[in-house]
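First subunit A sits with subunit B, and in the next complex the same chain sits with subunit C.
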Partner chain A sequence: MSQSYNRGLIEDFSRWREFQAGMWAWIFHKFTGWVLIGYLFTHIAVLSTAIPAADGATMMFQGSETDVFTGTIVSLEGLLLVRILEVGLLAVAVFHMLNGTRLLLVDLGVGLEAQDKSFYASLILTGAITVASVPTFIAGAF
Partner chain B sequence: MSTQTPTQTEESNETDAEAEVPSKGDERREEKRRRAAEERSRRQAEEAEKAAADEETVELKVFRYDPEVEGKQEPRFDTFHVPFTKGMTVLDALMYSRDTYDSSLTFRHSCRQAVCGSDAMFVNGGQKLACKTQISELEQPIRVEPLPHAEVRKDLVVDLEHFYDQMEAVEPYFQTNEYPDGELEEQRQTRENREKVKMSTRCIWCSACMSSCNIAAGDNEYLGPAAINKAYRFAMDEREGEDIKQKRLEIIEQEHGVWRCQTQFSCTEVCPKDIPLTEHIQELKREAVKNNLKFW
Partner chain C sequence: MAERYSSFNSGGRMWLLQRVTAAFLIVVLAFHFFLLHFVHHADEVTLAASSARMEQLSYYSLMVLFLVTATFHGVNGVYNALINQGLTGTKRTVVKWTLVAASVVLLFQGIRTANAWAGGFPLL
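Then we have the complex of A and B:
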């Protein structure tokens, strides 16, 4: 199946307009999966500051001395970018969970005729949950 | 099928025989070709005019490529204006274009009623059976291209050798070693079992699913939806018996068998026969798991 000719824009990314629900679900699932793996590493990095904190390591934070773990968390939460990224992280995690459930049903052979509807449902639900989470994550950030 | 003009081979033979001097026949043919080209461009211009005046014409943009003719080796799109008639399919429009404007336009077709599976094409960005696709349902201009992820031989004709190899690989024919007692006894299938394999028997080997599959495009060894569907048709047939079913499962549960499927549902979307391909692949995955599960 070698491609010895060039069909211009047909074989490239402009194809996305022709994608169907199942293909979008697959792309989003891959994307959110990689984002979650990336998050896992930063998560471990932040949590690992608890190790020196347990031994009594401290840092200067806003003029007073706090332990390293609390200082790191509080200073991260103080960044507007981190607050916004947290909303994104929730959206990514929720979609991955809902679509994962959808894929589980697909693997069990349940409701394959409605696979596009369940994808749209998981998208809408993700949107709703993300919007609902905004007040909690962004409160006091601006 | 071949619409390659025979003049080319004749021409080369003759120039070999009687070097430079152009024969009467050559001149005549040259003249004929010139006039045909004139006629063609005149008709095309006429048709384009008609298109401007009258709304009942269809604009077709057709992929053209011919590696054997210099000047056609660079892929391009040709535009054809075809008078629209009620119930016209993409295949009808292509045949009209070939018969009226350019006899070198090449595409496969045979039965024209969605049975032979020869004319799967990429129409407006989707794998469609040209004879089953109504023009009235398409946005214009209609882009007709050869199937993606297969090598183009000429115009809309792609090389399906690989597809057929994958189909062969699952042994797409009935096999059994469980025969009924009487010599003249029939091999009966229950109604329920027939119902189970019903949809999978409808495959017409058009290769639309294989072309739409993202995984098959990247993994040459992947059996592809059509072949797995064929395997399903026989693996689920109770008349084949346990031994043969075991053999079939061993084929489909290989590394590049059912497990490559990532349930993108592209094949199910494009299948002109509405075969629930993904469902069949998923069921074979479960069969494969059940086959290998051991609790002791």
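Then we have the complex of A and C:
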């Protein structure tokens, strides 16, 4: 039977000064999780423009009448800020997926002795995938 | 023996569901990003192309299951994060049912959107 320990809240300010890989893995996983669930609500709200579009609702876009779904998405994608935010979203999602895979393996008892290394590997791989994806995400924004 | 840091009850149903949905979401989220950003590009989205994908029962089912699992995993994650912060008593009950209500609204709106693309529930 496991025993519980009172370690206080990880968010207590003074604890930020004590560097521990596990603490940062925990903080990044929570932060990226909050971003992803927030984005899911926003994503569905924007995609909901497909409902009026399917009923024939249109808007003026680049001088011609376009259905509101296509017009909304393409005009949002035309903003450089949105493209940059999408790269950020990719980084957040990739980290959450890689670190989550690590956590699932830890739950299965795999890699218990290499948790720090696997966290650093998650960070490096997230950085590499994000940088490699920038050209695809920014293409056509200028 | 390893010490437990999790706020989940070990061996609980929600603990297991959070992990099962995680394993599913890792694969489907990667597919979703790859298909809609690398195979197709987000700035080339059209209602017709989205509809064509959603009219296929396999794609529609996958996307609805994606929505359901992502909503559960995200909202349950938020709930557990708040419990980690010490949320208890009446506040915990209020937060729980607020999150349940938000999930229901999200699922309702998401499925409405999927049906708008597909022109109703796809049969084939």
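Note that the second predicted complex is superposed on the first by the 125 of 142 C-alpha atoms of A that agree within 3 Å, B and C clash if a C-alpha of one lies under 4 Å from a C-alpha of the other, contacts with A are read in each partner's own complex, and residues count from 1 in each chain.
Just so it is clear, contacts are C-beta pairs under 8 Å (C-beta built on N, C-alpha and C of every residue); 3 or more make two chains touch, one makes a residue touch a chain.
This one's a predicted model, so the numbers in the text were calculated from it and none came from an experiment.
When the two structures are aligned on the shared chain, A:20 is found in touch with subunit B, with no touch to subunit C.
Look at A:137: by the touch rule set out above, it reaches subunit C but stays clear of subunit B. With both structures placed on the common chain, the touch criterion links A:85 to neither subunit B nor subunit C. When both complexes are overlaid on chain A, the residue A:40 reaches subunit C alone and has no touch with subunit B. Put simply, more of the residues of subunit A are touched by C, taking subunit B and subunit C as the two choices. In the overlay built on the shared chain, the residue A:107 is in contact with subunit B and with subunit C. By the touch criterion defined above, A:115 lies against subunit B but remains apart from subunit C after alignment on the C-alpha atoms of chain A.
In the superposition on chain A, the residues of subunit A touched by subunit B in one structure and by subunit C in the other are 2-5, 11, 26, 103, 107, 112. By the touch criterion stated above, subunit C contacts subunit A in their complex at residues 1-5, 10, 19, 22-23, 25-26, 29-30, 33, 37-38, 41-43, 45-47, 50-51, 67, 70-71, 74-75, 77-78, 81, 85-86, 102, 106, 109-110, 112-113, 116-117, 119. Partner subunit C is touched in their complex by these residues of subunit A: 2-5, 9, 11, 26, 30, 33-34, 36-37, 40-41, 44-45, 47-48, 50-51, 53-55, 67, 69-70, 73-74, 77-78, 86, 90, 93, 97, 100-101, 103-104, 107, 112, 133, 136-137, 139-141. Remark: subunit B residues 63, 65, 75, 122, 125-126, 145, 148-152, 162, 214, 217, 220, 262-266, 268-269, 276, 278-279, 282-283, 285-286 touch subunit A in the complex. By the touch criterion stated above, subunit A contacts subunit B in their complex at residues 1-8, 10-11, 15, 17-18, 20-23, 25-26, 103, 106-109, 112-113, 115-116.
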